[in-house]
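You will see subunit A twice below: alongside subunit B first, and alongside subunit C after that.
Up next, the complex of A and B:
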């Protein structure tokens, strides 16, 4: 009797070590610049600028379909290491949500963040994911639903604005990198 | 050396791991970093600074030169004070900025000292307990090389300032100068990061990394 060999119809693409290390650098920069953005400028959602920028840079420079999620998980782990752990696992969730939106839209939208409109839209939606993580955190600590909704909407709107800015800045960088032949 | 080897092999044979207390040190570093974010008052910051000094002595198992870390603190303080001066324009604002910089320094210092003093294989070994081996290798390697990459970015920044790029903190308060920052610093930094990643990957492959499904060698044992 012939042995039946099970072959999966779809396999996860291989991520080279060089790309993985570059994604790791992007993740650490997302955390380090975010730490720097903790200075009190009294602007809501400002930390989403480096987060969205570096996660989108990871996805835009590497052709691996889950690059942003990998970067997000590494950034979340590193963030817990450098002191955001007071938020507990929520910091991982926050990075994961942003990264999942970026990877999802990179698959759906054309050009992989080369066009400013699509890139800006991706950045804004990725930034707005802060609404969900903030709502979940406030829900868990028992905040009133209406106040929670309003507060999370304000936070989400601010984060979406900074995400939009990050999304608009990214195509400039990607265009230069492509011109130098660093990425394809 | 000869007398230590059999004991180490014996421990490994019994299923034990040799991480030289790196897991314990990692937890201490995380706790100290978290405390830095929670300490808002000057007395608490002073207390935490003292605790950090003791912890650094313990992390290094002896006195350690902090010249590089102090340079980072001075650089970071200058930028933060500049931004706070622009935002508040008062002495109270400057004091607030200094406290924030102090807090950030205390949050990052234990991690910086830990990354300098702990062996990379030990960090990877601890991280592999909570994440896949490849991800642990990537994270620990990037943490190890990030100070070097930051140093190269600083060189790029200084070179571009000398060339006349408008990227000084006082220039960056005007958003129309951000394009200069992107072109002159961010793009070369990304290229440098990719080059460094390529070199590390090449070195790792040359050492047989990923030739076997499971890690076969832990340097330093």
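Up next, the complex of A and C:
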């Protein structure tokens, strides 16, 4: 029986084994880099640099629309079991929010993070999502609303700055991966 | 399931393919049929899509847009290994660290009993003429030997269609003769063979049909009219005017992984502007010799002096160029233009000079249209051209070329050769050129030497 050599263009996006492996690698590195660089720098939001970078790398490299969310949930689960930041299940929310911003903006903005401006903007906004996860966590532990708002804003601003840095780094890496044919 | 000898093994209908970011399709409406026990030869210019077609036939279609249908005969579709493909660059396909493990890898995947494997592996290695122990390390093999290992690795899996991409680019005449005998046996057993080959002369006796990929992506029935073997109209050059010695080697020896001498007693002197060819069969140590001359490998005995000093790669930057046999080993930039510019930037040249030199080299090699392409996604022949352009751009005093025409069609080979000889004459650049084709004529060379039986002798 004759079979089509290539998939038809209108086919719904599906997650290929190659893409799934790549997402897995990104999730793994998002966690590993945090494990290896657990230095007490006392700079708010520094953990967003590897988190945003690898989640954006997952979405920038794979055409699957929920790639960052998949990578975020994988990395978040691993981080939860490793016991990052002593947040328990809240760390999963933190990874999910970052990933959701990335996947959302990848659909809205052109070029899937190839351009430094759009990539930097995505990184900053994804990083700023830490404001919401921190606010929710602090609210649950009963922190005063004013203090919570101020503290979460400081954390969110720092995270946005590190997210911006990650976003600016990404196009260079994507360009190299594309040149080597690792990604399309 | 029995194979119907009349029915084709495989039918391809209206196959087309376009690489991402490419303006034109590399394959357009390709129709073909492959019958059991037949040998086909696919020819076409460098970069015309031969490897792409081979990959699509073997189910390894590259990323890109395409269409068309592929139909296998039921007996083939149900076979453990319907189509086997040996790619042009063996390093892309090698997985295991030893010869035996590499050949047995396919058998493991097919669930063959471990006790039955050694015999089948040995038989496959004998069929391709590779007399190496099963635990011999793969990374110590030459390119031609690696290619033989991969053919053996596909033979053991009993593929119904065997596709060989440019065997002539890697195998020496002895290897091609063995391959011819092997193909005859495969054909008699009903196995079809597809050769993607620029120079099929040694295999003409076994080829039943020629196909040609034209530059516009169409597949046409072909007819072999002979290769445009690089010959040119050079007069035999004389060494009379050459005086200053650039390279001097005395009593060099090198021991292989097994402790045996690969070669010994090697002595040579190369003068400025001199062109020297070193020929030898696969595995005789041509690449090793080049690496020893440049200091990338330490010889087990003897001395080398190059450009009035010891062979230290850092000292020779910009003055000596080396083209590896596998061009992928020396390509690392994002675009062809950046690749060629890299060495010039390291020399600290002005931007305008770099741009001018890059344009000149791109034009000289006829690859202006590839300037913004990724060098890693080009065909093997095109990669060879880019790597050659990159080593030539800094204007070295001495250029060492390891099988530089491998994978290039006759027309391109001629162009590249003319360019190198012209450059050598104008810039007084010395050349050492290795080749696995000892029977070719090298009228443009001042001296032709041969590595044979562990000695470097005059050809």
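Rule of thumb we're sticking to: the second predicted complex is superposed on the first by the 169 of 184 C-alpha atoms of A that agree within 3 Å, B and C clash if a C-alpha of one lies under 4 Å from a C-alpha of the other, contacts with A are read in each partner's own complex, and residues count from 1 in each chain.
Simple rule for what comes next: a residue touches a chain if its C-beta (ideal position, glycine included) is under 8 Å from a C-beta of that chain, and two chains touch if they have at least 3 such contacts.
These numbers were taken from a predicted model, which means no experiment stands behind them.
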item	value
First (subunit B), second (subunit C), both or neither touched by A:28	first
Partner chain in contact with A:181 - subunit B first, subunit C second, else both or neither	second
Partner contacting more residues of subunit A (subunit B vs subunit C)	B
First, second, both or neither for A:77, with subunit B first and subunit C second	first
Partner chain(s) touched by A:136 [first = subunit B, second = subunit C, both, neither]	neither
Contacts of A:157 with subunit B and subunit C, given as first, second, both or neither	neither
Residues of subunit A that lie at the interface with subunit B and also at the interface with subunit C	176, 180
Touching residues (chain side subunit A, partner subunit C) in the complex	1-6, 9, 175-176, 178-181, 184
Subunit A-touching residues of subunit B, taken from the complex the two chains share	26, 29-30, 33-34, 36-38, 76, 80, 83-84, 87, 96-97, 100, 104, 107-108, 111, 131, 134-135, 138-139, 141-143, 145-146, 149, 178-179, 182-183, 186-187, 190-191, 193-194, 196-198, 200-202, 204-205, 209-210
Contact set on subunit C toward subunit A in their complex	11-13, 15, 17, 20, 56, 61, 63, 65-71, 333-335, 374-377
Residue ranges of subunit A touching subunit B (in the complex, touch as defined)	16-28, 32, 35-36, 38-41, 57, 61, 70, 73-74, 77-78, 80-86, 169, 172-173, 176-177, 180, 182
